[in-house]
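Sharing a structure, written as structure tokens. Questions coming.
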């Protein structure tokens, strides 16, 4: 299995007036094509920031200080996402890498219907495919015998417009034509096709009556529906990588079950690689192939999902698993608090709360080593091959 | 076991106004006829998804909201309750007048003003989000000490003494007295809220999703705290949550709510081992298990959680139920006992 | 128990001190706010030291009436005896401006103080209880807004007789709706917060909920508006004095001083600025006073910002 995404030594800092928050300090992570990697951690550990960094969407006062994110594009080229300019990134966002956020309402514009928003994504990224199909349609209509001369004229004009669009949307002539009142009706065709594609996507999301839903505004839909619409938007252009940032945290448990099932089915159908971010270990167990555990801006452990649950190595992973409430058993918790990242603890960031902390833990930051095949830990308790 | 809180036919409707003259068009039937008894010293878990009315129920029961209908009896001596039941059965005008008089005295639904405020000493609530439930411009010592001042339970230096003792009991310390809530973490803020709720030594506490807004590692700390406080102060809890795994660990009995009604009621172990109502079954099966080897067969319900504005006639779960039949569409099932302490409201309960 | 009481005062102030330090840091980073604070402090000092800076003559009854040096009509330019010159009727401009500072503060503080208090009272009751009370109060504010302010003030002043006090009363009567609306809006917003419901759950009376919980959170936008208003109130009073509806002639009020210069603004045919000192000097006082309060209002707004951003 080939490597799709490789994050190397990512460093992200937030420059607030209370100090510099060292949100992410040297994260190394990679994703293989076709797998689902779970990124698990508690609030403030940096998992959302990591996902935003991939798409260079870290909001100010945050800044990506260092690191490289290598991504293998659809056309096979390998690029460093952090070195791309805005225009290239725009081609990748939504098209090759898509993101689904925690709050479904936040990703949807309340002024446009759901169908229009999905169609927007399709128009933006699948323009060529749409244009080709439209041109065929125009040819069909031109061949029909009963077209009036006026209509023929307009069809010719549309053909010219769409042929131009096939090559490039931003030519001057097209931009002028789009502003002229009667002529810009040629765009109707584009919108119609895009809308049909959007309805098809919604149908794929297992929404009954997708036509009706596509014409509704976000506030008319329930949380589960909205999240489905957002996923439809994310998958509309068949991205290679889907980043799901806690997509079901705010949903009811029965709706969550539906959405998780949906994501699994879609993954099989579209063969998408998924980076699944959550704090819920149950969801991790259900959805992921591999798991990375994050704490206070660093990755503690990476392993296959079975290994993580059977044989957790890092004390934080062990503690997290023990915290899961089990009926009849006493509650276990992790003593202490999540550290303030303006002044993180020296050495290993977990050492103040670690039951097995040694002297070296407060002085030297542990490096990520491979203890057994495909099982990486960053902890002084273990020795292994540096990764 | 003595009954501490008895709820009879409780309803809470929110009117929706529409049209030109703002007439009442419909009702949001948040709580639609609930009968429940919570016993002294127990932890009663109330589960349900969003829109089912559990939070509304919790707030109505401690009279933060005024019920549209129904009766709430809190800490009423059993002989008086017995008498009230007799009078109700009697039905004669004198009996009803006597019943009215007793109700005015004991039924929380009729309380207002000063009488209601005095009640607050005994019934308290801890909210879900500690960030919004604490006044951002008040010091911790004032937040926790306010109930004492309001009910005139202590004065001056005594207040601070009691506050310090309570803070220490919940895991904070004296040095936290002179700080603002925003200087604390989520878990600590929730502890402040707990200290505030406990300082007047109440009998009954409504815990409205108290662990939903905190991290997993802090959750267990808080749950531990709840249990030890219950033992030490002899508290009775109404624990509201949508998180079944937490409910399973902390409650003695569980009630499952759907669209304003209780659909199943049973001791915890029984509910989770042998759920009788199809909704309960679906709910339990939907919980993701933190063990990759367990592939639980999930019951996927069709459709979304419905809105309580126009609940379906007949059984409310009918549109999403996989074993629904004609009678379910027409007749609403009553909450009946199936065995022991297990109650279900379903025409075809699982077994 | 004693140790609690001894240390408690210092500890009580500790978090306030911490918050203050934070606020100071924010203010330091905004230079205009510092200018505002400096200006207002400067005027405050002048107002306090007025008897020292411009002592009224021996046996002078009302220090607010400007002493006259003669009765000739033509103003005289600045001289060692009269540092800012004299206005028509030989009123000492320097004296007038110094004591005018006191008048400005007095008028501003009283008018703003009263409008704010009335506004808070009505606004919080309106916002908290809603329903019919809210309707009545809001219609009342609508009625007051419907009248053009100046006309209303003029009518009231004519009824009450022209004097500084009547102008102040009139301004209070038409000024409170702004604050009532402001507070009502904030109360409506804060009423929804959990901690307000929590306060009720503890058993607080409505009064306590409003005073102890809602108002301390609602007051901040008010500070910004009130300080901007200080400046505009002083301007309005000055305008009325200029029209002859406010302070009597000879009163130490900036507006009055400019009123005295009415006939001399255009100067002489040869030199239009001949009598500049009669209106420019009081004008500068008014201008800087209003500017100072405006900048102070900005400073208050900056204080609001970190409170929000920090959370």
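Note that the chains take the letters A, B and C in the order they are written out, and that residue 1 is the start of every chain.
Everything that follows uses one rule, which is that a residue touches a chain if its C-beta (ideal position, glycine included) is under 8 Å from a C-beta of that chain, and two chains touch if they have at least 3 such contacts.
Keep in mind that what you see is a predicted model, and the values were worked out from it rather than measured.
S.K.: When I count C-beta pairs in contact, which pair ends up with more: B-C or A-B?
M.R.: Taking the two pairs in turn, the one with more contacts turns out to be A-B.
S.K.: With chain centres set to the mean of the C-alpha atoms, which chain is at the far end from subunit C?
M.R.: A
S.K.: If you average the CA atoms of subunit A and of subunit C, how far apart do the two points sit, in angstrom?
M.R.: Spacing between the chain centres: roughly 55 Å.
S.K.: Provide the C-alpha centroid distance between subunit B and subunit C, rounded to the nearest whole angstrom.
M.R.: That gives a centre separation of 51 Å.
S.K.: With chain centres defined as C-alpha means, what is the inter-centre distance between subunit A and subunit B in Å?
M.R.: 37
S.K.: Check each residue of subunit C and list the ones that touch at least two other chains.
M.R.: Answer for subunit C, listing residues that touch two or more other chains: 310.
S.K.: Write out the stretch or stretches of subunit B touching subunit A in their complex.
M.R.: It is residues 49-50, 185-188, 215-221, 223-224, 227, 242, 244-246, 248-250, 268-269, 272, 282-283, 285-294, 298, 300-301, 304-305 of subunit B that touch subunit A.
S.K.: Can you tell me which positions in subunit A touch subunit B when the two form their complex?
M.R.: Those residues of subunit A that touch subunit B are 42-43, 222-225, 252-258, 260-261, 279-286, 305-306, 309, 319-321, 323-328, 330-334, 337-338.
S.K.: Mind listing the subunit B positions that touch subunit C in their complex?
M.R.: Interface residues on the subunit B side: 62, 64, 117-121, 124-125, 127, 129, 131-139, 146-147, 150-151, 157, 160-161, 177-180, 182, 193, 196.
S.K.: Going by the contact rule at the top, pick out the subunit C residues touching subunit B in the complex.
M.R.: 1, 4-5, 8, 11-12, 14-15, 19, 193-195, 197-205, 208, 212-213, 216-217, 310-311
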